[in-house]
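The same chain A turns up in both complexes below, where it pairs with chain B and then with chain C.
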Partner chain A sequence: MARMKFLCDVERCIDCNACVTSCNNEHDVPWGINRRHVVTMDDGVSGEKSISVACMHCTDAPCAAVCPVDCFYFTPDGIVLHDKDLCIGCGYCFYACPFGAPQFPEENSFAARGKMDKCTFCAGGPLPDNSVEEYKLYGRNRIAEGKLPLCAEMCATKALLGGDGDVVSDIYIQRVVKRGGRPDTWGWNTAYNFKSEKEKKP
Partner chain B sequence: MATRTARRTVGLFVLSTLLLLLSGIFYWQAIGADISNPHANFWRVVREGFPGFTKVSTAGHKVLIVNSGENWREIRNGILVRFSQLIIIAALVVMSLFYKFVGPDKLEKPRSGVLIERYTLGERVLHWYTAVLFVIMAITGLSLLLGRILLIPIFGHWVDSAYLQASKVLHNYCGPLLLIGILLEFVIWVRYNIPRKIDLAWFKTMGGMLGKGPRPHTGKVNAGEKGWFWLILIFGIAVGVTGIVLDFPIWGQTRSTMQLSHVIHATVAVLFVTVSFGHIYMGTVGIEGVFEGMCTGFVDAVWAQQHYDLWYEEKMHEKGERTEASS
Partner chain C sequence: MKRILFMLTAFAFLAGLVGCSSESRNVTMHKPGVYKGTKDPLLALKNQQELIDRAKLVQTDR
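Presenting the complex of A and B:
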């Protein structure tokens, strides 16, 4: 069985936030919640780098370990999902998650936390695949349709990869081998796919 | 000729030095003073938890990887879950042993039938308001901490979830009300609870419960009660303030703040509950006559003389004055 993984190539991500937008649209995510976000380090300085991040579907998931109602479960291909009918909105998964993936819709009184929402790797939830109820609570179940997560599928620079971990890492290794582990100038590799003279005439 | 070659060599040398400097400056500008690997630097910065920029700045998303979550998980699922069960079981065991071997503190003389007012209606209402909220908070709080390991195996996921959903709501609403109760208690009772010299003598025999010999002299409030009073204030504020930080995620508190608050909140709360067992024991089965005092507001004169002799004398004195004045 494949082990599903996301990988974002920082040399390619251009902080366009299309992954965030497409995800919100695909799953009709409630206002104020973003299952994915892009973080830019050294923003506006030469050498700035962006990376898109959502739930990373951890193997030893901290969120699942601390949940007081034990509502998380793992699909056979390693996707971390949760049952919103069990979730009590305590926020513990949010404290424990390294990536800030769990999100909470605000309930009317005192901004109390509602049921947790997070990236599902486009795999829906425990309800019947592609049912209306599943769509309402968890969004579209693309995995059940045989598709991969939309954010990665539509990424224009192919920075964001999602799918079978072995395939994803093969692609990434090829890229690293090609461009070398250590770019000399920031922006050069990203923008122009610069090849050295030696590489042009082997 | 020789001078010309020499001049040309010097010229070339100066030029190349300038070029070298210039390219150095360009290089410096291009990648900064840092000549280490930019790839590695990116991850180094990320691992150290420096905030970046994000257009989606919901709840601390600026920091890409928050390491402390894993520590929080270890502390909560490890020390807190284990230690809270241990300390509470230990306290219950000590209490039953105490009951078995020392036993309840009975009245030494038959009741006189003369009643003395010990608590006003306001004091009693406040006490029971706080007490009921405290019990609700203790039960719901411990359920949130231990429900997963104690309740799910017995009742299953659905019952646990429904019960904890209710617990969470109760816990979140009752918390601030309890804090208000504790602060009001402080305001109305602080004047009786200033530590005095005679309190030291009380601790030697724990108010006559341990060992033989005469009971220590005591005013309206004994040293044990004073200790509990100050513990309530300290624990109450620690639990209350951290609880409010957790209760209202609207002030932009970061995850690290919430993790720290949660650890303080849970640790102090478990200690608070443990110590409260002592108070509940003394107030119910431990000492005869205490419970009715807090329910009706009146205590028997014999009881007052036995436990709070100085307060009893004071009351009698007052009464004497009053009867004199009215006659």
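Presenting the complex of A and C:
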């Protein structure tokens, strides 16, 4: 059984924000809301790294665990989706999500949030596939059309990979082997206090 | 006056009947951890192999 996953190769991401733009355009996301965003570390400094982040469709999703009305569900291929008819806009998922994926497009008075909105892995919602209602509430359903998320499909440097986790990891492993080094995953050097050969022998 | 009295009695009788019904009085519909929304047509997804083939085709380095 396939499990759909995103992976962003930080060595390839050039902070072009095309993934963000394509997502906003494909799903007609309201102005000022981004289902996907690009985070840049050490911006402007040599060796800066960028990573494209959205809902990572966690296997054990914390958003679903904290939702008081259980509006989240999982498709057979591991995509985390939610029902906006059940969502009460409490914002618990926003606090629980480590990736900042949940968004609240409607802002009302007294800080009342509207329904939560997030990346759907281009799989729409619980309404009939590619119906007008589904498009209005959740955006386009590319998965039902046999297509993968647009952000990953149109990434110019193929930094953002999206699809079956096994395929995605195979592609990434091949790249790492080709580069001939350890995977330069975000934070690896910091976490393991890694020093380059130059630093070891000045 | 008689008519109002009759209507009140009838109402009380009907209310009593409703109270005696065997329907559950529990109005809590929420069950922790159970999704009770509309069923997604995608749950019966059959094009998984198609998506895997597409990932191999589109995302691998050219």
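Observations
Note that in this section the second predicted complex is superposed on the first by the 177 of 202 C-alpha atoms of A that agree within 3 Å, B and C clash if a C-alpha of one lies under 4 Å from a C-alpha of the other, contacts with A are read in each partner's own complex, and residues count from 1 in each chain.
Basically, a contact is a pair of C-beta atoms (placed from the backbone, for glycine too) under 8 Å apart; a residue touches a chain by one contact, two chains touch by 3 or more.
Just so it is clear, the model here is predicted, and its values are computed rather than measured.
Set against each other, chain B and chain C differ in how many residues of chain A they touch, and the higher count belongs to B. Applying the stated contact rule after C-alpha superposition, one finds that A:A123 touches chain C and leaves chain B untouched. Residue contacts after overlaying the shared chain place A:R3 against neither chain B nor chain C. By the touch criterion defined above, A:L81 reaches chain C but does not reach chain B.
Within the superposed three-chain model, A:H37 lies in touch with chain B and out of touch with chain C [touch as defined at top]. When both complexes are overlaid on chain A, the residue A:K115 reaches neither chain B nor chain C. Contact with neither chain B nor chain C is seen for A:R179 once the two complexes are overlaid on the shared chain.
Contacts of A:G146 after superposition on the shared chain: chain C is touched, whereas chain B is not.
Once the two complexes are laid over each other on the shared chain, residue contacts for A:C71 go to chain B and to chain C alike.
In the superposition on chain A, contact of A:G163 is made with chain C only, not with chain B.
Within chain A, the residues touched by chain B in the first complex and by chain C in the second are 69-71, 85-86. Of all the residues in chain A, the ones that touch chain C in their complex are 1-2, 4, 69-73, 75-77, 79, 81, 83, 85-86, 123-129, 141, 143-144, 146-148, 152-153, 158, 161-164, 167-168, 171, 174-175.
Considering their complex, residues 30-43, 45, 47-48, 50-52, 54-56, 58-61 of chain C touch chain A. If you check the complex, the residues on chain A that touch chain B are 10-11, 17, 20, 32-34, 36-43, 46-47, 49, 51, 53, 62, 65-71, 85-92, 94-100, 103-104, 110-113, 181-186. Against chain A, the residues of chain B that register as touching in their complex are 29-32, 37-39, 41-42, 45-46, 50, 52-56, 58-67, 69-70, 72-73, 76-77, 144-145, 147-148, 152, 157-158, 160-161, 164-165, 168, 172, 246-250, 255, 258-259, 262.
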